[in-house]
Amino acid sequence: MSIYKIIREMAYEANMELPRLNLVLFTFGNVSAADRDEGVFAIKPSGVPYKDLSPEKMVIVDFEGNTVEGTLRPSSDTQTHAVLYKHWDGINGIVHTHSTYATAWAQAQMDVPIFGTTHADHLTVDVPCAPPMNDEMIKGNYEYETGFQIINHFKELGYSHHDVEMILVGNHAPFTWGKTAEKAVYNSAVLESVAQMALLTNQINPQSPKLKEALIKKHFERKHGPDSYYGQ
Amino acid sequence: MSIYKIIREMAYEANMELPRLNLVLFTFGNVSAADRDEGVFAIKPSGVPYKDLSPEKMVIVDFEGNTVEGTLRPSSDTQTHAVLYKHWDGINGIVHTHSTYATAWAQAQMDVPIFGTTHADHLTVDVPCAPPMNDEMIKGNYEYETGFQIINHFKELGYSHHDVEMILVGNHAPFTWGKTAEKAVYNSAVLESVAQMALLTNQINPQSPKLKEALIKKHFERKHGPDSYYGQ
Amino acid sequence: MSIYKIIREMAYEANMELPRLNLVLFTFGNVSAADRDEGVFAIKPSGVPYKDLSPEKMVIVDFEGNTVEGTLRPSSDTQTHAVLYKHWDGINGIVHTHSTYATAWAQAQMDVPIFGTTHADHLTVDVPCAPPMNDEMIKGNYEYETGFQIINHFKELGYSHHDVEMILVGNHAPFTWGKTAEKAVYNSAVLESVAQMALLTNQINPQSPKLKEALIKKHFERKHGPDSYYGQ
Amino acid sequence: MSIYKIIREMAYEANMELPRLNLVLFTFGNVSAADRDEGVFAIKPSGVPYKDLSPEKMVIVDFEGNTVEGTLRPSSDTQTHAVLYKHWDGINGIVHTHSTYATAWAQAQMDVPIFGTTHADHLTVDVPCAPPMNDEMIKGNYEYETGFQIINHFKELGYSHHDVEMILVGNHAPFTWGKTAEKAVYNSAVLESVAQMALLTNQINPQSPKLKEALIKKHFERKHGPDSYYGQ
């Protein structure tokens, strides 16, 4: 039995959640699940319909982006996943989708403003939108450079990937991550909901103020940190 | 057999209606059902997925917010429910959701204007939006103070909680209530529908007039009061 | 066996289509099916959830609005149906809903402009919006007067109810009709779709021109009249 | 056994995908599947509900638009399909829908701008919108002329139907095509998604820039051409 059985199953289950949560059309999304002890992650094969997936079809890839096990070609976004796993500690799941509202904000090249407690329950800042990559990066190893575009934008903003688990890549679409693949998928669904509500909020009142600091702090700390009291 | 069996089942059934009516993502909502003779209410445990709920998992809490029966931690919004039950007579169900359109109006910090008969069938005024709480209230016993923010906004407006069974809390999300938990859930669904139609109405015609007084009165009295003739 | 068995079943089936087509929330809609030989129609009882309906629960009412058979109270909109059946020949089905987009146009008190062939396949003019009724009509026999508000608006516009099978009542919601209850439900779904697309069209291009005369004529005649060639 | 069995089944399966993908209301859409060796295509019969379709009910039509086999009347849009098959080599599937967002862009008579990689994964230019036809064409053989309107607009733009597999017909609705009927349906779903995201992008930021050339090239070549690396 493969030593990668567990991450294959975690990646499979997490990928299957994307269509259930209405986050993908056809094959426009992928999830990976990492095993840091083995230095590998399981990822969706490229272009295979969700209904044809199985744990066995997940491809095992190392953090340099080399396929370790599996006969199918891994997701075309595999290098982005590899770069993030290699450079960011503590994350064991990554998701990329083209979900409708989050992608619209990425296309508009704008951060999703923090307008309410739904947003603050998950992060204390606007959802950042990295600028589109420069032409050299695009013409080179595009997916590999996409990983660095994400990492560099976080560096510029002074954000930690432990505190903020989602980003928009300008002109492209969202990436999310988390301690598990399941948590990363959860973050993708939260982002899509927050992105839709932010658009509607602006439509109702173009002068909508952002959430005040005290509420941001309160709601984030309800769910995170030493004094959290949400959940069991 | 627990003397709280009936409210446990009522709270369970009402909570399960929220995902069926597309009013919640994941666990972002909660319903309680009160037994005024016993001075307690049953409420959803915090952060437990809807598919894992059962009547037995509902937590029994008194009107001071103390847990009376149950091993799980009650909803993080429990203190808000307790305050409303304690200070407002005649309500036996309370619902809190982050439903998309109602939350967008709360984030925009605007009342939902009464534009049509769908709205007037249920209340005769705009759906009120309470302002965000002040920093002292937020830093203190936040959920407890949220209950008073709701009560105080109704006092300022001169509204009775018997006549108006819904409110938006600015920057946050909606609360609804009613004579039963089932009715409170019904009100949450009505609010979401009315909130969506009001946004669309403004988009079609930014000068849309509010509903005229005679229609407000007529539609409300069709469904409520001594001369009502809607239903069996 | 009741001589009304057929219209009971037609009304039942047509009512059950409303939730399947996402045209109603809870009980916010009703369909009737008429038997002109008997001078009666079958209509949904008031406020009964769709899941609890059956053909036997449909109420039989004559064209004066009097209940002829049935123990339940008929829909609160029954008088509107009665007036339309009495004054308009050739229609055997009427539908009233509060479907989201059509109701938003009614609340905005604006006709739905004819922007495309989807619209022209069904009618050659903007979907008319009758103005809100005057206070005397509202305070009087409201639902009865609603029927006349519809009939009078058609008279003013010079429209025939045979050519145009739908209307918005300002501040309220849509009514549709047809040769059968099934056709009237079809018209409600078409109206909702056309209303949504018209709003989106205006959002994409606020200067969108209306459909040109030659296309209106062509598309309508593809589906209607002596030279129609749509369908079997 | 009919020599047309395979295209009947392909056309049937592809037609049935339209309601599953939420691209049609009632019968407002049609798919054909061509057999170029036989010089014919199978197409949906006119006005038959999707639930009543079967492979046997598909109508076999030649590239001049004459029915070759089948007792039902073919889709009213059959002549458009025939013209496209006759004049454009290499396409074996054509789809026409009135899907909500794509139709709204067609009604607004505007191209769908290329705002992101979801779009560039499928085509490198804005989705073109052909102008409404002139009155002579409409009054003449309308559906036949619709085919030429599409072909002529591509000629004017200098586009190849191999590179761009979708178009909007102004005031009307979208047409898509592809190497198979299945691929043509896929294109209709992609178009609807891209059309929705483009509208939302403009709403978030009316000054949203179009996708830069390097990203257009990169994403298109990921999925198409000799160096593509998407899929298996």
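The letters A, B, C and D name the chains in turn, as written, and every chain counts its residues from 1.
Keep in mind that, in the parts below, a residue touches a chain if its C-beta (ideal position, glycine included) is under 8 Å from a C-beta of that chain, and two chains touch if they have at least 3 such contacts.
By chain, UniProt protein names: A, B, C, D = L-ribulose-5-phosphate 4-epimerase.
Remember, predicted model here, so these are calculated numbers, not experimental data.
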item	value
Same vs different contact residues, chain A with chain D, by half of numbers used	different
Centre distance in Å when chain C and chain D are each reduced to the mean of their C-alpha atoms	33
Chain B, residues touching no fewer than two other chains	203
Touch-based graph of the chains, sorted into line, ring, star, complete or other	ring
Residue numbers on chain B that touch chain C, as the complex places them	115-118, 186, 189-190, 193, 196-198, 200-201, 203-205, 208-209, 211-212, 214-215, 218, 222, 229-232
List of chain C residues in touch with chain B within their complex	25-26, 28, 45-48, 72-73, 76, 98, 100-101, 103-110, 132-133, 135, 138-139, 142, 171-173, 199, 202-203
